[in-house]
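Here come two complexes built around chain A, the first alongside chain B, the second alongside chain C.
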Partner chain A sequence: MELIEIKSLKVTFPTEAGLVRSVDCVDLQLGAREKLGLIGETGSGKSVLAHATLRLLQPDALCEGEILYQGRNLLDCTPTELRRLRGRELALIPQNPSRALNPLQTVGKQLFETLRQAGYSKKEAVAKMPELLRSVGAIDPDSWAKAYPHECSGGMCERIVIALSLAFSPSLLLADEPTKGLDSLNRARIITLLGEVTENRALLFITHDLEAAALLCTRLALMYAGELVELGDKAAVFENPLHPYTRGLLFALPARGMQPIPGRSPPLTALPDGCRFHSRCPEAIARCRSQHPPLFDTGNGHFCRCWLYV
Partner chain B sequence: MLEVKDLTVCFRTGLSIDKNRKHSFWAVDRVSFSMKKGEALGLVGESGSGKTSLGLALLQLIRPTSGSVRFCGTELMALDGRALREIRPRIQPLFQDPTSSLNPCMRIGASLEEALKLKAPLSKEEARTRALKLMELVELEPGLYSRYPFQLSGGQNQRSALARALALEPDLLVADEPTSGLDVSVQAQVLGLLQKLRKKWGLTLLFISHDLEVVKKMCDRVAVMHAGKLVELGKTEEVFKNPKHPCTKSLLFPNLEVGPIPSKRNSSMAATVTPDEKGFSVFSVLSFLKEKFKPCKKRMPPEPGWENENRNEEMVEISREHWVLIPSGFSFSD
Partner chain C sequence: MVLEIGNRYILRRFFSGLLAFLLSITLTFFLLRSLPGDYMTDLLLEIGRYAPPELVASFKHEVGLDLPLPEQYLLYLTGILKGNWGHSFEYGLPVFSLIREKLYWTLVLLLPSSLLSAGLGMGFGAYSGWKNGSKTDAFLLHSLVFVGAVPSYCWGFAGLFIFSFRLGLLPFGGYVSLPGTEPAGLFRHALLPVLTLTLCSVPGIYYLMRNSMLDTLGEDYILAARARGFSESRILFQHALPNSILPVLTMTSLHCAHMLAGSVFIETIFAWPGLGLLTYSALETHDLPLLQGIFLVDTLLIIIANLTADLLYPLIDPRIRSRIRGE
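Showing the complex of A and B:
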């Protein structure tokens, strides 16, 4: 049995401009030690999917479908049951760590508080703190513990939230854009650190940084306008990208030519008929404008939502 | 066009992890370089190396502690008040976070008109026409004229900020990580636009970034900073192919080992950052220098004027137009 099975997940938000279909019928599976990269741009629905998994969305968000964790549907769980799972078995490494941390408390106090929640006694928590900080790469854990979040750099904050997420030894880590805004050195270090700490865990790596995902993950899933457009092994997706959007993203990388994808992603309140990418697609055919393509299995576990592969 | 000599920016601050100590923080430490008209110079370095501080010092948004900045023959450090205001339109910034660099209470059109009116008084209609032309230049839909920044995406806001900077027809654009917060394809769009405009207008560009691939694409020359100092400077291709300073090498080849931790971390670039006297996120370079440089038996006498330095270092031209900061008396082993 897979650790996490997402079945036909739909997340919609009611807004003044209409219903925003942030996640539209997404199916994903993640094994116990698997590392899956969820790649997409701003507005693709990847963060919403992660927050929906942990039931961290606002109350008026409508979630349909199933999120099965070890057979249990998380969308049916009571708040008490969720509290037992969230942070403990399923942990989120939030985006913008410097904003996610409590600005009024030292790093040490926040770690201490979390460790106490995890069941450590006061003495044990104080002893475990430096160990936890060292495990995320702090040479001098005591000075880190005394610092406030605003005194820490982006890379340090990222490590601290990773430490916080590990306090309970979760079986699944959801890392939401952990390398965003970091310089290349810190980015490399965070990627290495994530690789180390997820050796025996499942990881859902949410990012728009294709290269980072390719380094850490075995499988990649690409989202566009709320739906999955490509899913497959890392090597297959990188060496033989099927969906024109995937190809566009790869060619937009500075190392591969920095070619922009023309146009913009469609508004989620007014999605076009047919394929959601067709207006920006260099290979669109007549069918793409009128018929919405399903996710096709092109063989070897490589899926693509594109009429070119029927 | 731009000649910078021994530029220093020193902050005296009481902010420290060790709250009992007030200390000085040298954000920019005697940096010297020059830029020709029309060139694109990349400024790279890890977080905390002083790149943004240097950019702000050039723009005179932070007044440097000492040194010289000659812009088109005029010494900016000698200017003040009105004289400085008059020269400011010629050096324009483009900041990392476009949403916060635009006035949130002003519509895009109004922000552009405000900038245009700084150059010369304009009638309402003329200002609007010129603002719309600017928007066309940066490939923004005219419908966004009456929108507020919060209604626009990151990429659209960055184009608006670029349009505002170009409204003043600057000679030099200082872009501080203009695409770091943007998605990959939006980054490609904005940078493509910047390149197009550079070619069209002959704009000189100081491009501050931590993304080396972007710098490789955008810039003719690159300068590498570390702990406030300029450690390497040269043609982009040359520096990236043949990096000499250990800091440059570590930027180019960060040790990306994914997997279980090797039992002994013998890389001196161990994945750790320690806050130390120079501030946060700064590495000790000494371990590198000990590894890589062989101390020469004959030591040069200390140069006069280097008051705050405990090591003598100088920029040495090791090959044509390729400069590296090396400690005096050391010799290259390769």
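Showing the complex of A and C:
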């Protein structure tokens, strides 16, 4: 059985400008030790997907479909059941780590609180803290524990939020852009660290950093304007990208010419008819303007939402 | 902890307070002197409809009002520094001792209503923000908008009308029951003015706290705490509340100090023998030295309130502690 199975998930937010369709009919599966990279630009719905999985969206967000965790639909869970799952089973490594820490408490206090939440006694929590900090790369755990979040660097904060998520030893880590805003050295270190800590657990790696995803993940899913546009094994996606958007992203990499995709993604309140990417697509045909493409199976578990592969 | 903050910070706050104090008493000195009318003319006109100019002039000479303004100002400043705040025209007594006695009675009203309104305003505000969008939130918000929109004296009169006139439960005014000043009597007298003052300053603190709570709830660390499965009460008391109180602190302390101004109305309505009532009568009679003294005390109280907030911040917020250490 898959660890987590997302079935035609739809997330919409009512706003004054109209209904925002953040996530639209997304289907995804993740095995027990699988590492899946969820790639997309800002506003493509990847963070919303992660927050929906943990049921952390604002109360007015409307979720349809199913998110099955070990066969249990998370969208039907009561708040108490959710609280038992959050952290313990499904852990989030939030975006902007420096803002994801309470500025008024020391790192040690927040770790202690989290370890206590994970079920450790006071003594055990105190004993476990340095070990946990060392496991995310702290050489001097005591000084880390005494520091306040504003005294920590970006890389340090990232490690601390990873440590917080590991306090429970969850079976799935949802890492929301953990390499964002880090210099290349820290980025490499965080990628290595994430690889180490997810050896025995599943990882949903949300990012727009294609290279980081390539290093960490076995499968890649690409999102555009709320829907999946391509899904496949890492090698297949990198060597034989099917969707023009994926190709565009690859060409935008510094190593492959650094050619950005022209234009911008459509507003989620007024999505175009036909393919959502057609206005930016160099290969668009007449059909792309009028008909919305489904996700085609091109064989070997490689899926693509594009009329070129009918 | 205080030592950790650093004496330089405290000294700097203290000096900026002193500067504000000097500026403020200078302004009040010149503003009061630009008021139309004067004590003797008013008094004489009240008695006999005619104020002989030579009498007015001799009074002015006696109290030094005929000196050039800069000289008066210098005399005033040196007087304050020496602890001589002048003598009241009306009462003939030293201003300082007059104010000291009245300030005591004002503080009897002000301290409980400060504590009450800070507690209630912050409590309601935090709850309302936390339960944003709920029926309780809507009820609190609408009723406190209404309470805040009605002037304090209206609430004072309404209280008097209902509890003293209609129900006969509380006295109409004053501060003691005969015989003596037993605590129960004082409590009965102080109840309405304290409640009125509280009622009028709760809405301001409430809005600030509610907004601050809403801002805090949008922060990433609240989301992160939820993602770790913390209970809602833990999130509220450990994370949301301490962070949302911070920006409200200064305004609340100032709010409490500003109640002093509100107490002019309240003390007049309830005939409470405090600084407010004294201010009112001193304004009526153009009692310049007394007014100067009262405004000086007002200024001091506001500066002290501000200073308290400034000194509290580093104790609560580690970011400010670091900034001070870095200075």
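Here is the rule we use: the second predicted complex is superposed on the first by the 310 of 310 C-alpha atoms of A that agree within 3 Å, B and C clash if a C-alpha of one lies under 4 Å from a C-alpha of the other, contacts with A are read in each partner's own complex, and residues count from 1 in each chain.
One rule holds in what follows: contacts are C-beta pairs under 8 Å (C-beta built on N, C-alpha and C of every residue); 3 or more make two chains touch, one makes a residue touch a chain.
What you see is a predicted model; the values in this text were computed from it and never measured.
> So, A:Cys77: does it touch chain B (first), chain C (second), both, or neither?
Neither partner.
> Would you sort A:Cys25 into first (chain B), second (chain C), both or neither based on which partner it touches?
neither
> Using the touch definition from the top, say if A:Glu151 reaches chain B (first), chain C (second), both or neither.
Both partners.
> Once the shared chain is lined up, is A:Ala138 touching chain B (first), chain C (second), both, or neither of them?
Once the two structures are laid over each other on A, A:Ala138 reaches chain B alone.
> Touch check for A:Leu85: first (chain B), second (chain C), both, or neither?
In the superposed model, A:Leu85 contacts chain C only, not chain B.
> Which partner, chain B or chain C, is in contact with more residues of chain A?
On the superposition, B touches more of the residues of chain A.
> Let me check the overlay on chain A: which residues of chain A are in contact with chain B and also with chain C?
In chain A, positions 151 sit in both the chain B and chain C interfaces.
> For a test of understanding, state which residues of chain B touch chain A in their complex under the given definition.
15, 17, 45-48, 153-154, 180-181, 183-189, 191-192, 210-214, 216-217, 250-251, 254-261, 270-275, 280-281
> Inside the complex, what are the residues of chain A that reach chain B?
Where chain A meets chain B, its residues are 41-42, 137-140, 143, 146-147, 151-156, 180-189, 191-193, 195-196, 199, 208-210, 215-216, 248-249, 252-255, 258-261, 264.
> Per the contact definition, I'd like the list of chain C residues that touch chain A in the complex.
The contact residues of chain C facing chain A are 133, 219-221, 223-231, 234, 238-239, 242-243, 246, 316-319, 322.
> Provide the residue numbers of chain A that touch chain C in the complex, in ascending order.
That would be residues 51, 54, 56, 59, 82-88, 91-92, 94-96, 99-106, 113-114, 117, 148, 150-151, 161, 164-165, 167-168 of chain A.
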